[in-house]
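Listed after this line are the structures, all set down as structure tokens.
Below, chain A partners chain B and then partners chain C, in two separate complexes.
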Partner chain A sequence: MQARTELSAQGCLGERTNMTTETALANNNINKPIISESLKTTITKTFKTLLIPFAGILVFLMIWAGAASKIDTSLGKFPGPSAVWEQMGSLYEEHSAERVKEQAFYERQEKRIEARLAKDPDYVPKIRAYTGKETFPDQIFTSLITVLSGFVLAAVIAIPLGIAIGLNKTLNAAVNPVIQIFKPVSPLAWLPLVTMVVSAVYISPDPLVAKSFLNSMITVTLCCLWPMVINTSVGVSSIEKDLVNVSRVLRLPALKHVQKIVLPASIPMIFTGMRLSLGVAWMVLIAAEMLAQNPGLGKFVWDEFQNGSSNSLARIMVAVIVIGFIGFLLDRTMLQLQRFVSWDKAGTAS
Partner chain B sequence: MKWFKPLKSVALSALISVSGLVSMQAKAELGYPEKEELRFGFIKLTDMAPIAIAYEKGYFEDEGLYVTIEAQANWKVLLDGVIDGRLDGAHMLAGQPIAATMGYGTKAEIITPFSMDLNGNGITVSNEIWKQMKPNIPKRADGKPQHPIKADALKPVVEKYKDDGKPFNMGMVFPVSTHNYELRYWLAAGGIHPGYYAPHKGDTSGQINADALLSVTPPPQMPATMEAGTIYGYCVGEPWNQQAVFKNIGVPVVTDYEIWKDNPEKVFGITKAFAEKYPNTTIRLTRALIRAAKWLDENNNANRPEAVKILSQSNYVGADYDVIANSMTGTFEYEKGDKREVPDFNVFFRYNATYPYYSDAIWYLTQMRRWGQIPEDKPDAWYVDIAKKVYRPDIYEAAARSLIKDKLAKVSDFPNFAEEDGFRNPQTHFIDGIVYNGKKPNEYINKFSIGLKQGDKI
Partner chain C sequence: MNAQKAASTLLDISHIDMVFDTPKGPFTALKGVDLKISKGEFVSLIGHSGCGKSTVLNIVAGLYQATTGGVVLNGKEVREPGPERAVVFQNHSLLPWLTAYQNVELAVKQVFGRSKSKSETKEWIEHNLELVHMEHAMHKRPEEISGGMKQRVGIARALSMQPEILLMDEPFGALDALTRAHMQDSLMEIQQELNNTVIMITHDVDEAVLLSDRIVMMTNGPEATIGEILDINLERPRDRLALAEDLEYTRLRSEVLKFLYEKQRKVENISKHKKKKEASGSKKSFQAA
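Take a look at the complex of A and B:
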């Protein structure tokens, strides 16, 4: 039965798409000489999918360049596209130079260990990690890992919780006020509390992950938690009666019921919640990194702001663009995932 | 020395018990570091240079130390990092270990085996205030303002603001920072009251009876905060005074070299627990820092341009080369175009700059008492006692001796350890001409016309 629903839903969507294209074509055909239909479709398509966005970006760049040259800050002119491009190159060069230094660092370390072993044979050598600065690509990587791990942790907590709430009206009534109150709180407000708790609780002589990483990650988790819980519970509680009845008739045990009926039926809503929260989490993470000086793109932005050199603004602009681009990619990835697992294709229009 | 007697035995025995291990090890071969991976914090200021140089020149690695250096958001975050162990050590305001040890702010036992530099700060006012101040400043024959510029020139301006009912706000970097005390010293020497603290009444704003209201702003944000009009002037380390000149938003009026010639500035702070747990590491990191400081002052500042290049990297100070070079290479630009020679603006090694003198610590304590951060009278012996808890020339001496032994430094580079008692000779070069003798803190406090004296209480 479920398979049928899925099929029909797909069918429906397919028809709708065809119809829109046809209408568009029909409109285009009015008062125009007839060329090859297919060529025309291709042109229109290319025009719409490539040229228009390209033109949009071009106009944006022009406005940016024009406006930038008119804004004088105490750190020089506001960076235009060319200055930002230049800094992108220099950030990459710094990254390469740092890798060379890293290589030399390990070579020196090896020699030092050998020398010490010759004198002190009991010494148990341990290779120490590179101590140099984190380059821009390193910071990007740190932020990405942080956001993803916080996100996964949130999903691990929120989805089971959401299912439980969705299935049980009493539990829902009990938990709902708490969720409603915590939902609108910016995770940044939690940050000081998180920091203090982590530094009090997480004590280990040889920690697996840094405290700063844990702080950022928990902030991301707190941010992702509520939208995921709410969406999951709504998804679960609004399963079609028919499906629930089928489960009753078949007398499925509780776990089987969740596995075979609840999860597949509420997956679209769960993924909507996940996609929503990932977007917010990415924004919040940058702010949290700036505030708590935890490694990542946020810290990069803040450090550059504090440096106040003549390149600082352009470098911050590079970070802004990269943050936007990564946010976009994260959203697209979630969208693809959502499309892949959703049967009803609702809410996946863009 | 009579006042010193009863305490001497206590302080000495304390010292011996703590430093017993240290001195024994200095005589024998210096052992390998107990902790190899270290994390040091700093604030983006040029006087963090010894840490950057020790890293870049491989001095830390020579000691078998793998050090990660990390910029901190502000002095509070930095101090908390050292206290809670996130950082193993840091570039600190001289007042921080002292205040922490006596429990003003966060209570923690922080010590310093190494004083990082002398001088290096300046006081800058906004263009608007400069315009109003300038007519009150005596001119030289060539028409340029005569230095040092005293706060007397600022007094009428502050009074005008006061009469208009407008608060005269100024920025400094931390309540126990050198900058706070220097700004207060300069203002008070010119008859402007900078306000008292009353921590016993819960008032830590430091604005009681104030003509000029001082508040905290992190160093790198000073220029931006003044540009926004929130403060009319500030006292901060480099490059943030020169930055104001480059950005055309303000004019540095006086350097701390002129307020007190060769005043002690930052220190390197670690917890007492760290020093006790890792004695070899402590001596080794002190060795690396001494070598770095020596390199910075070598051959009459010949290495400074290279140092500036390193500091201008975005992970250290990160400001433009020219901005940092302005003060690091022996000059200082006041009003735009008025560049003057100040060869000792930044001193890292000369004049025993790195030796942790007790008298330096005591000067900070006298200023804390003067402005009410220490709300009650303390006997002279108390000042010495705190200074000896915090400043640890014994560790410095062990490091210096082992450097001499390894032929990495000369005996003449250091004070004569056999005779050194940790007190500088009475210092005379203050802007108001008052002489400071570290052995008589209470007598010193009584000399100021503005400030709490013996017996005073808010």
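Take a look at the complex of A and C:
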């Protein structure tokens, strides 16, 4: 708190120095204004990029704390920032404790097997996996893996499909009505159908992945598919005609045309679709996990709600904040990736 | 020059009609366009906008198919686009995600493929970029260089294909006057060295007279066709300053001007245009005011 006031005081100072630059020059003090000028720009920069957002967060926390103390629920007071902070710590402690238990379990198992083998060399050991409670970080990890695999699966389907649709007007006319009708459907409406189909089709004595994971992942895929297909096809069909003519004059074969002209030209649009759909997918996934009780952050929230202890609301609030942070990070990651891949730097300004 | 012309016809545009289907019914853009071009000749197509100059060029390039008639290059009929008829587009049309070098490389690799070794390919790309004086900015992307430089790279790309005929669609139309003069000088210099066969579309009378061996003047559309052909027998190399006071140059220039502004005045179209604008009360005229 004190550091902040100090810094903002410096910020004010920086601005004042700027205003007095002329006076300083008049005093024949030539070195001083140059130094203070550069100092001034650094200070205003830090002021703008760090301090103002920091102040914004602080004001938000204050409003939150103020409002929270006035709301009484059946599970106690609505959690303020400090209660949430406390729960964040306790969630992490639970996670660490669980890990210690897990390690102990494996050590015990190993010892048991060794002892058995010493007695009976023919014994074929059975190694059992630890089946403890999933901790909060475990749930975060599950959700992340789910959203990313669903997203990648959607991209693998949508980008080639979008390119084909963008290149071929007949195909576009054929597929467009289907896309237009499925696009506005909330992927959650698909969830029961997906669940039933997966449990009917995905039968394996030794499944590679859990059914619940597959359900969530396919829901994410369905959600990502449409924006990606639409943006890719629009990007492809709006390539400058001159660039297509260049390709025709060079007689680039179809595959090379796609690789050298179509794909790079539509990268900005493809990424717009990808960013859009990843954002929506993350929101939808949490809802799907709540609804279907599939492991992940959504299940964590629902379990805490059902649990109804005095800490529940604070723990849900922790999840809310974490969900927000991860959503933000996913978007930033996509933006960085786009900056790295795309030639169109103007399109990646924000 | 005339003797050479008679010697060999490289490109034969014969009896071309071009009809476009529009929502208002068929529109005949070109009618009976006939032109023979010999090897090493520089021909300009000049005419008012909308007279179908670009359509002629696009048919020669193979980007459009003529409704009737056809184009024969070196005894072979033109049916599709190809690198032997390289095009320099008006808006450079460089691939924005590639550097100048890579843009030329794409063309060279596609045209010469494995017939050139790695080092030969590199040499050939650099040679063509040097030809247009772009060796200093070879590894810059289009967005980092000026309009004139982009057009230079576009020309280098077209030249690198070693085309039998070079098609230029108003190559300097989007450039400012000084840059344009610079580019014209560069083009003459390249032409001196390579003696390419060129068809160039232009709006600029001075440019046409300065660069061409023949100027093909087109009548106004619809049903546009070749109105007159003017032979330019000025000595080469040509120097724009010396020519400015040359009587023959002035005569040729006024011939073209007469054709464009006396014989083919676009009075009717201009008044139509105005009426349309007034009728719609368009935003454009409002902004202009």
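Throughout what follows, the second predicted complex is superposed on the first by the 298 of 350 C-alpha atoms of A that agree within 3 Å, B and C clash if a C-alpha of one lies under 4 Å from a C-alpha of the other, contacts with A are read in each partner's own complex, and residues count from 1 in each chain.
Following the convention adopted for this analysis, a residue touches a chain if its C-beta (ideal position, glycine included) is under 8 Å from a C-beta of that chain, and two chains touch if they have at least 3 such contacts.
Here the structure is a predicted model, which means the values were calculated and not measured.
Once the two complexes are overlaid through chain A, chain B and chain C fit side by side, free of any clash as defined at the top of the document.
Once the two complexes are laid over each other on the shared chain, residue contacts for A:S74 go to chain B alone; chain C is not touched.
Of the two partner chains placed around the shared chain by superposition, chain B is the only one that A:K133 touches, whereas chain C remains out of contact. Of the two partner chains placed by the overlay, neither chain B nor chain C lies in contact with A:N176.
Applying the stated contact rule after C-alpha superposition, one finds that A:I261 touches chain C and leaves chain B untouched. By the document's definition of touching, of the two partners only chain C reaches A:N245; chain B does not.
Of the two partners chain B and chain C, it is B that touches the larger number of chain A residues. Looking at the shared chain after the overlay, A:T46 reaches neither chain B nor chain C. In the superposition on chain A, no contact is made by A:Q103 with either chain B or chain C. Once the two complexes are laid over each other on the shared chain, residue contacts for A:S310 go to chain B alone; chain C is not touched. Judged by the touch definition given at the top, the superposed model places A:Q336 against neither chain B nor chain C. Once both structures are fitted on chain A, no C-alpha atom of chain B lies closer than 51 Å to one of chain C. Applying the stated touch rule to the two superposed structures, the chain B and chain C interfaces on chain A have no residue in common.
Those residues of chain B lying in contact with chain A across their complex are 32, 36-37, 44, 55, 58, 61, 64, 66-69, 71-73, 77, 84, 86, 220-221, 223-224, 227, 243, 247-249, 312-315, 317-320, 323. Residues of chain A that touch chain B in their complex: 74-75, 94, 108-109, 112, 116, 120, 123, 126, 128-129, 131, 133-134, 199, 211-212, 293, 302-304, 306-310, 312, 315. Chain C contributes residues 61-63, 80-83, 85-87, 89, 91, 93, 95-97, 106-107, 110-111, 141, 161 to its touches with chain A in the complex. Of all the residues in chain A, the ones that touch chain C in their complex are 240, 242-243, 245-246, 248-252, 256, 260-261, 264-265, 267, 343-344.
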